[in-house]
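Next up, some structures in structure tokens.
Here subunit A shows up in two complexes: once beside subunit B, once beside subunit C.
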Partner chain A sequence: MTAAATLAAQAPVVARRRRPGLAGWSYLLPLLLVVGVWIYLPVLATVVLSLLDWNLTSPTAEFVGLDNLRRLLSEPEFAQAAGQTLLYAVALLPFSTAVPLLLAVLLWARPGRASTIYRSLLFVPAMVAPVAVAVAWRFLLNPLNGLVNEVTGRVGLPAVNWLGDPAWALPVIVVVTAARVVAFNMLLFSAALSGLDRRAVEAARLEGATGFEVVWFVVLPQLRSTTVLLGLLSVVLAGQWSFTNVSVLTQGGPDGVTDNVYHRIHTLGFGYFETGMASTASVLVLVFFALAALAAEAVRRRRGRS
Partner chain B sequence: MRSVSTRALVPLLAGALLLSAAACSASAPAADPGSVTITFSSYNYGTQGSAGTGTQALLDRFAELHPEITVEPQSVPVADVLTSARAATAAGEPPDVVQLGYSKLAEGLETLPVQPLDELAGDGWDAHVSGIVPGPVATGTRDGSTYALPYTISIPTVLYNADLFEQAGLDPDQPPATIEEVRTAATAIVGTGAEGVYFAMADPGKSDYLTQSVMNSAGGGVLDAGGTITLDSPASVEGIRQIQSLTTDGLQPAVAVDDAMAAFTTGDLGMLVISTAVLGTVQDAAEGNFELRTTAFPGFGSAPAAPTHSGAALVSLSEDEARQRAAWELISFLTSEEGYQLIATEIGYLPLRQSVVEGELAGWLEENPLLVPTIEQLDQMQAYQSFPGPRSNQATQLLQDEAVEPVVLRGADPQSSLTSTANRIRELVGAP
Partner chain C sequence: MAGRELLPDGAGRARVGGLLWHLALCGAVVSLLFAVVWALLSSFRPTSRIYGLTPSWPTLEHYTRVLAEWPVATLVGNTFVMASAVAVGQVVIGCLAAFALVHLTPRARRPVLALLTVSLAIPPQALIIPQYLMATRLGWLNTEAGLIVPQLGSSALAVLVLVQHVRAMPVSAAQAARLEGALPREVLWYVVLPALRPAIAAVAVLVFITTWNEYLWPLLITPRTEDTTVQIGLSQFVTAEGTDYGGLLAASTLTSLPILLVYLVAARRITDAFMQAGAR
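And then the complex of A and B:
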């Protein structure tokens, strides 16, 4: 067969790829419908609502343009909540990467029945209902007769109002949230470790590498993509992960120091029925993360080229 | 600005909202042609303790009296009761009867499809309403029609641990009657190693009934008779300052209400100033541990106490005629003599008909005297004051979060905190 004949034979295939036709679209339709109805339609609705003054039940809504944005940016509570969302992201980052990675590697390095039992015990916090966990913490942290102050008091430390003192409340919410994040991410790291290239590990050991050297030079490089992914997820989702604990334990207080943008959006939308302001805040969050994603992609491409 | 009908947003908003509503709604048709099913949104229903069991007892009795009406109760957190009703209304499924807290009632009357109860009741209205304590009925009246009837009402009371009083050298038969005497008693109790007193002003339900009680008793108030915001007046500030001084002087723990409740029930707190709504729960916890007693809300200075009532009213959001009739049957039972009697004996709220107090409840009160001080103080009860307009609930939350909690619990300056909060509220609700 000549080259020309080969090309001629391939031509119809190329043409079919360019025009998928009805069958192709019918395969895509269910997914497009789900994504459109449950993601893009609500996003579009949120953008429209951000331009209106509407209290959710009124039969009419007033078009106010960017007035919601002006009101939101002039509200000190929103600026405070936005800043604290970044604090949550930074504070939870080690708990979503370094700590679960360390636990997973320790358990991986000592396989056996005890390791399985420890892994199961460490995963328990991720399985209990978040609200139940938060309520349990409320009892433990009671400043007058809670178990935490009881224990710290035994070693001579002063009683602390863990959730009522502005200096302590945010760190406490981070720690309470971290317990769940560590448990869940430890399991993900364990899954990644189970797919590790054992040949490289054995080779390193045969070469006389110490345990630390095996982990540092062989294991961790293979977990790089998992670690980066979990780190990125942590930055994006830290505010959402802490939402339940903020809502149950502090409602954003004391003095707003534990608030974050997601809890603020909920307060504006369903506490005050400022639907337009809540939608505007949601759009701002969306735009912020879209820009952050674009920046990350640009950095990735530049590194790829270099 | 241009007003647009929300109908014009179809299919955009309708698509998003109706899909959610379709997924969530579960309205079943009545089983029999003559029967009707209504929903009852209640923050007491389903809760632990006497509030939950008492509400169930009320519904059980109603079911006996009206087998043709099926009530589907919906348990809603107290802070979310307005949120839930508005979200359900937006989804096209408003609850037929709602237990709506007084701190949220004004906004609810402005923003929910409330039905005029006097029209639903028809000829029986006057006979039903006569005998109910008039103040809370007036709070639910707008432009000549009554949209809300008082259901679970209480006024703040002082719960105290008689055992701790004796340990502190105090006479439990002579409880404090003024804020100065409260301070003296708290000082003595703190001397025993226990906590002295706790005013539950940082209410987790974001109600300001205790804030209003303190301000009113000190000669101020959140609003004056003309609707001017006065929460930063000298008298109002002084009232809050006196509560703050209990904290700064170590007589009041700077903790959340739930934490103080836990401390009181374990016998670690001498006095708890709070709504009688928690009486049943506290009574159960105290049994066998310490002797629980109550006394009336204290006066400030030489003026008599002027406590503001807390609690909730009942409103109907039914739009269907048959469900409106059924909703009124439920509301009229819950606010009848039998209803108020069950509410008082099973839950611990106040009986709002004098005929109940003097009639069937008289013997019960002799055996259960904890409610007596508050019933005796009913004459001094002040109507709950709401900020004007559709953002009244937001204004109340601002007052509690921006001023009351930081001042009372964390030592913020009373004058500057209340002044800046008052200015924000004036701007928010558009009142002087």
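And then the complex of A and C:
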């Protein structure tokens, strides 16, 4: 793509017709309709529902103001779920940054057929149905005669009820979730690496830098923004990534130790039919995300200035 | 291949480095795929020997049982219809919108793209209650419409990727068409879409796979087994037959198979598609 062509592409082609606005909006309408109706309308509806006492089916709903918030915050289960959402975020951080970054750099360092094959294989966990992954682990971790206990037993370790033991359940969910995160982010780091300035790498090579030095001083600095972005995304998305595994493997148990806010919203809304409390939890999540986005934007601006 | 290596290596060290490189990546592949591969292999073992490490002749008993007792064909059919419809829907919506945002209403581009980026950041779990209410009020519980239409709301990524491609297109042909008095829809159909074909294929595959693997929304909107998708069917299987591991593993292999077969055929293209979308 030449610069001239890209520049030309910036210029609208059909905008000067007689009533371009109207025609343009008719092309935009389907998008605005589906996003408006199925994303933004639900955002507003969640706020309204959070102020009502309602059970999802009853014909009448009572306005209770912030009472749902008071009840939610006094509920120990929600505090626990919120804390564990952060725990998931921290525990998954290396699997969304360091590990996939290392793999992507390894793949990038020796381009060729082997590298392409490895990349395709490493991405498979992102393709396998998430429920199937959960089932596979349930089989391996079976407390009676699953492979993991079989192997740990042979080296003399006691059998563990991996998914039923409050000490082990959350780490297990993290490990089960990790493969998918590593696979996805490996590919995203690869994408960032493919846009890397290769001249700097060539120059460093000519200067006689070792492979390690090239990676450390030339490659990694160029990946800093991608790493920060994926790290932030991981903090934000960890709870969502683990949702399927929590839902299939533990339903939040034992004793709620694998619960997170997203699974709690689901339990409150569709398990207890506490529509108001579930919506209040959703609003808290949305507010948290809005604040996080504003903070990220502020950090980005300050960086841009200095 | 040695000539294309980007990292410097002495000739002797290169071989050792290469060996370590293969070891590291093989190790990574094994640790990422071990659970799934082990489950796949075990699904061919007889029930009496499904655990443990002793080798045994492969058997298809679990597959014949699951195929007879579990509505695999219905589930795969439902999921296929849902994933194709969502992929086609998002691509159509995305092409119309991308064309409009670049060529018809360039002033709307910034606000609309901002709206889409925000919608991408909203966790889907935070919207399930109103979405569920709306869909059930429309009578969409246990229907294909209920599975498909609400998922069109997550068109943001498709649109963002397509906008990028439309913007990067050289437009001399489009300009020529305009000079000859072509209507916008003619420019879209004869000039933009043909050039956009590779991007459309990539986006369609990407949306198809993510929708196939979607868990939360089908769980809510299609609780009835005969109307649901493979993911939910499988999770119901877990609840109902939790200890029939032979059946479970066979069912979960059948569940993943269609996507894995597609991936086997077009791995390179699919990873490229995800990389392009991720580069955003």
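Note that the second predicted complex is superposed on the first by the 263 of 306 C-alpha atoms of A that agree within 3 Å, B and C clash if a C-alpha of one lies under 4 Å from a C-alpha of the other, contacts with A are read in each partner's own complex, and residues count from 1 in each chain.
Here is the rule we use: a residue touches a chain if its C-beta (ideal position, glycine included) is under 8 Å from a C-beta of that chain, and two chains touch if they have at least 3 such contacts.
On a predicted model such as this, the values are computed, not experimentally measured, just so you know.
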> Where does A:145 make contact in the superposed view: on subunit B (first), on subunit C (second), on both, or on neither?
Replying inline: both
> Looking at the overlay, does A:71 come into contact with subunit B only (first), subunit C only (second), both, or neither?
Replying inline: neither
>> With both complexes overlaid on chain A, does A:163 touch subunit B (first), subunit C (second), both or neither?
In response: first
> With both structures placed on chain A, which of the two partners, subunit B or subunit C, ends up touching more residues of subunit A?
Replying inline: C
>> According to the stated criteria, A:270 is in contact with first (subunit B), second (subunit C), both, or neither; which is it?
In response: both
>> Contact-wise, after the overlay, does A:58 reach subunit B, subunit C, both or neither (first, second, both, neither)?
In response: first
>> Let me test your reading of the model: by the given contact rule, A:111 touches which partner, first (subunit B), second (subunit C), both or neither?
In response: second
>> Contact-wise, after the overlay, does A:41 reach subunit B, subunit C, both or neither (first, second, both, neither)?
In response: both
> Between subunit B and subunit C, which residues of subunit A are contacted by each of them?
Replying inline: 37, 41-42, 45, 49, 56, 138-139, 142, 145-146, 270
>> Give the list of subunit A residues in touch with subunit B in this complex.
In response: 37, 41-42, 44-45, 48-49, 52-65, 67, 138-139, 142-146, 161, 163-164, 166, 251, 253-256, 270-274
> Quick one: in the complex, what on subunit B touches subunit A?
Replying inline: 1-7, 9, 12-13, 15-16, 19, 80, 83, 86-87, 89-90, 111-113, 195, 204, 253-256, 258-260, 262-263, 266, 268-269, 390-391, 393-394, 397, 401, 405-406, 409-410
> Which part of subunit C faces subunit A closely enough to touch in the complex?
Replying inline: 1, 4-9, 17-18, 21-22, 24-25, 28-29, 32-33, 35-36, 38-39, 42, 51-53, 92-94, 96-97, 99-106, 108, 112, 115-116, 118-119, 121-134, 149-150, 152-156, 159, 166-172, 174-175, 178, 184, 187-188, 209, 212-213, 215-216, 219-220, 230-231, 234-235, 238, 245, 248-249, 251-253, 255-256, 259-260, 263, 267-268, 270-271, 274-276, 278-279
> Which bits of subunit A are touching subunit C when the two form their complex?
Replying inline: 1-2, 5-6, 8-15, 17, 20-21, 23-25, 27-28, 30-32, 34-35, 37-43, 45-46, 49, 56, 103, 106-114, 116, 118-140, 142, 145-147, 150, 176, 179, 182-184, 187-188, 190-192, 194-195, 198, 201, 205, 208-211, 214-215, 236-237, 239-240, 243-244, 247-248, 262, 265-266, 269-270, 275, 278-279, 282-283, 285-286, 289, 293
